[in-house]
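The structures come next, written out as structure tokens.
Two complexes, one shared chain (subunit A), two partners (subunit B, subunit C).
Moving on, here comes the complex of A and B:
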């Protein structure tokens, strides 16, 4: 749509001074866009420029007068910091694990919901609720009422299987956080895949059945290829949102024990707000931004393709 | 809840697609499975709400108690502990930032859809890309600037940040709704000599208002749930509800029921907003790529 929408402007090679297509008219057309654009640039882009600037300085807030230009020293420190490497690995594990498991569960739930049955709308409403609930409240719920070693629901449910009084959060901190995240993000994947399932071309499905394909055959040959775009979108969007996970770690483990369950956002937060090390945390921020841009490039391409694909049909 | 009505159409389609050759037993087994999965997945939330109505003594039992005498005592305790101002801060930050988002996003979306300007695509992807950059990389300069201008612990700081946070999603969502406005309708209106303002009000607004409502609800969910900026930039005066919940991670002791009451209060408004907006949820989160 955007492509066709641009065409009228391009088709006007010489601009008259007045009337449609003139320079003044262009500004009138642009005007409604400007407030949002300027606001976004100021609030979201300027801070990043400062982050780059700070990252080249040695600056600790608790040592007044310590501020000085140090070039790339902060970056060297970041890359030789073994904690940073562990935290980076945690980030990858947590993001990949949470995306993968919520995607699989979401696919199963979506398949269950993609048929008419009594109470379908009600069950769907129940299933999406974990995604809506305030992440801080959800993390608190998992930390206490569900994962508590003595009174928690999880150990009660698992007690017939000999779970006893496992202290999940101390023993498996990263996994515990991941479980809470999977619970929160499965509904998102489910909704995305459900939208995919329901947009399957009716006539192709019908044709496959007429040709004698069984349910599994239709699923494999028609549904899976059709769902591919939605699954890819789920992976990149899930990764972009989950790579920024902060609430769950802050509430459940505080990154501990040590840095066992800290991810990059949490570690940078610790460095900035508990260590007051502005230069170091800014350098880490820049590293995270560069890593995110790599992921985001794929995401943008995918979203763009989804758009052009969606509008052709 | 908008779900049941909106579900009817696709449901009917599935029904006609699945011929009667499939066993009735298999079908009802799948229905039972869907119910078990749905209730099981929702159970932690149900348990949270139930626990909120318990006495602490009933909350700490092994095995857990399903039947008990409900009490409002925990909610009273939570309000006595001062959740009220936090709720009001959340409400204020959420409502004002959502209004600002709509005020900025609606004209912007209009400019990029109905009356397209050049380089539309670049602008749109710029908006999306701001959503993909990690906020943690911006928090240090934001903190420094906010501190320098004396706006730490000020609710307007959160309002500005939440507006910027939700603006890209709103622009993309509103754009997809503007595109549903039939072009002929607008042309006909301007043929009849209607001014732009009038045709916007009488032709465009009725078509986009449901989409606008959905966009607003999604902004409400994100603003209400936001924690990172709130915990780093506010203290006693401007802190929002998620920050109130932080108090429960440090104190040890028998407080399950009180905690659940606070968590229920914190989550309730967005759960309701989300239930209402559930059909547009994916559209918002995928920047309109999926409808």
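Moving on, here comes the complex of A and C:
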């Protein structure tokens, strides 16, 4: 993206025909950037144009020769598809839930790590570890080692209390995926909030104590307002990553049972590569991209507003 | 309003090391303005923070209004503090900043607003109440910090170098404002600074600390005229007092090749203390300058002349073989120049004598 600032007309000098400042000179200086621009267009914009083109076709790979132009029929189908609405809701629930809970847990751990105690460095490393694990491996770990109904650790721990026979993943598919995601994303939120906590000036905290605030008062009145923009950043970045979740769903539930734990990326994948319905899935993809652009615009505006404000005194 | 007592109060950061504040004894009267002054690392800020409840009291007691403060959290001490960097709440407006201590004490909203308005009126902040601190100048922020302290009507004001972030001119005017406001409100105030001019001009009494130990606690005039030891003598006064360690002779002391006659009262103090060498302190204004060659006085050569208009300071060195530096105050435009030979005679009889081994006043 380029930002061009309009210059007042009287300040714009006449462009020379040759030499520095001429139109040719401008292109010579921009030329080294062109390969990157061309590459970006090829890998992001062309596929999107193709997707739009496919979305206007009825084209199922299992029925060769059936390909034909159908206009916006695919889009009408998308909006009347109750499964699509269910999956869209799943996406919102999964993203919002995972962001919210990892944020709350991250805040809690960050507050603990912000105080000095023996072995803090070691504990901090342990807490960061989930973030360093490959998402596929993490999902597999939750599916087999922890949630498995026969030899999972959770049922093993619960069995002495007579509650160890739940098949967690088929009973609570969306919640199970969400738990695995929260486990992976809590360290990210924790690090972000910890950075916020440690950038807080000490004298402001001391002033609040002298001014009569108890621990909760200091936290509510001084720390939370200071952390606001770190929390906002966590929400936006977390949402951007988590809305695209695929690996955890693929590994743990395959979107099932039915579409109970599928989100939009996974559902589109299913329709395109398991149902081979290129036209339908392309239309869904376009709808998702447009919706994402709308949401992302607001989210990014939020980030830039809270970070360009510059709260430091 | 209350009196404040430090009773053998100590702060020890690491066991076995020298305490940051060592058995400090201060009795501050109700309504008094006391300045804690000292070089950096003297423990003055630590002492203030102990009083504020931001540092532990590891030994002894601190009492506010007769009540022992050991183990009492800051919020229950009924104090207000002004910090060096003001420590305003960046997300709150000026009005919210000033109302915060009242809010934390559960004061109703209307009462908070009227108190904040009254304080803002006094401090000239009325039109800024809706602004955030970052939209204010340094001087205005400083006043917001003051306002936040005074709306509380606390028993004690604590101020930790509140002027050090202001420019020189602001500092002088704000200094007077703070002193005047304190007199009007009559609230006991403990003020920390490293600037001896602030200490001398603002304090009813001044406590001078060094390495965590109290050196002297007295009125500014007493500190200047009767310094308890050579450190106090050297710290208070600008330029600093001239201190010479000299052998005692018949009529006074030997200063280089010449003999400096001392009045009988001073000679008897030296002999009572049984000293063979003595540390002699002469303030820059306690010299008269004569042209060289009239025989009397200590000979010196001028290195630098600082002309201030009303006064001039001559930075010179003595002709004693060791080039001992000496500072002399003369009237302005005295015509002295670099390289001039001058003869110096102490004018006053109130010269300061210190024991060279202990530094104590003789």
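Keep in mind that, in the parts below, the second predicted complex is superposed on the first by the 265 of 313 C-alpha atoms of A that agree within 3 Å, B and C clash if a C-alpha of one lies under 4 Å from a C-alpha of the other, contacts with A are read in each partner's own complex, and residues count from 1 in each chain.
By our rule, contacts are C-beta pairs under 8 Å (C-beta built on N, C-alpha and C of every residue); 3 or more make two chains touch, one makes a residue touch a chain.
All values derive from a computational prediction rather than experimental measurement.
Visitor: Mind working out whether A:162 is in touch with subunit B, subunit C, both or neither, as first, second, both or neither?
Guide: neither
Visitor: Touching A:39 in the superposition: subunit B (first), subunit C (second), both, neither?
Guide: After superposition on chain A, A:39 lies in contact with subunit B alone.
Visitor: Touch check for A:207: first (subunit B), second (subunit C), both, or neither?
Guide: Second partner only.
Visitor: According to the stated criteria, A:125 is in contact with first (subunit B), second (subunit C), both, or neither; which is it?
Guide: first
Visitor: Please indicate which partner A:65 is in contact with in the superposed arrangement: first for subunit B, second for subunit C, both, or neither.
Guide: Neither subunit B nor subunit C is touched by A:65.
Visitor: Considering only touches as defined above, state whether A:112 meets subunit B (first), subunit C (second), both or neither.
Guide: First partner only.
Visitor: Check subunit A for residues that touch subunit B in one structure and subunit C in the other, and list them.
Guide: Subunit A residues touching both partners: 206, 209, 310.
Visitor: Help me check something: in the complex, which residues belonging to subunit A touch subunit C?
Guide: Listed in rising order, the residues are 201, 203-204, 206-214, 217, 221-222, 225-226, 228, 310-313.
Visitor: Where on subunit A is subunit B touching in the complex?
Guide: Touching subunit B from subunit A are residues 1-3, 5-6, 8-10, 26, 29-33, 35-37, 39-40, 43-48, 50-51, 54, 109, 112-138, 140-146, 148, 150-151, 153, 156, 183, 186, 188, 191-192, 195-196, 198, 202, 205-206, 209, 215, 230, 233, 237, 240, 243-244, 246-247, 250-251, 254, 264-265, 268-269, 272-273, 278, 281-282, 285-286, 288-289, 292-293, 295-296, 299-300, 303-304, 306-307, 310.
Visitor: Okay, in this complex, where on subunit C does subunit A touch?
Guide: Within the complex, subunit C touches subunit A at residues 52-54, 73-75, 79-81, 83-92, 100-101, 104-105, 133-134, 141, 148, 152, 158.
Visitor: For subunit B, which residues are in contact with subunit A within the complex?
Guide: Residue list for subunit B touching subunit A: 1, 3-4, 7, 10-15, 17-19, 22, 27, 30-31, 33-35, 37-39, 41-42, 44-45, 47-48, 51, 59-64, 104-105, 107-108, 110-113, 115-118, 120-121, 123-145, 160-161, 163-164, 167-168, 171, 179, 221, 224-225, 227-228, 231-232, 241-242, 245-246, 248-249, 256, 259-260, 263-264, 266-267, 270-271, 273-275, 278, 281-282, 285-291.
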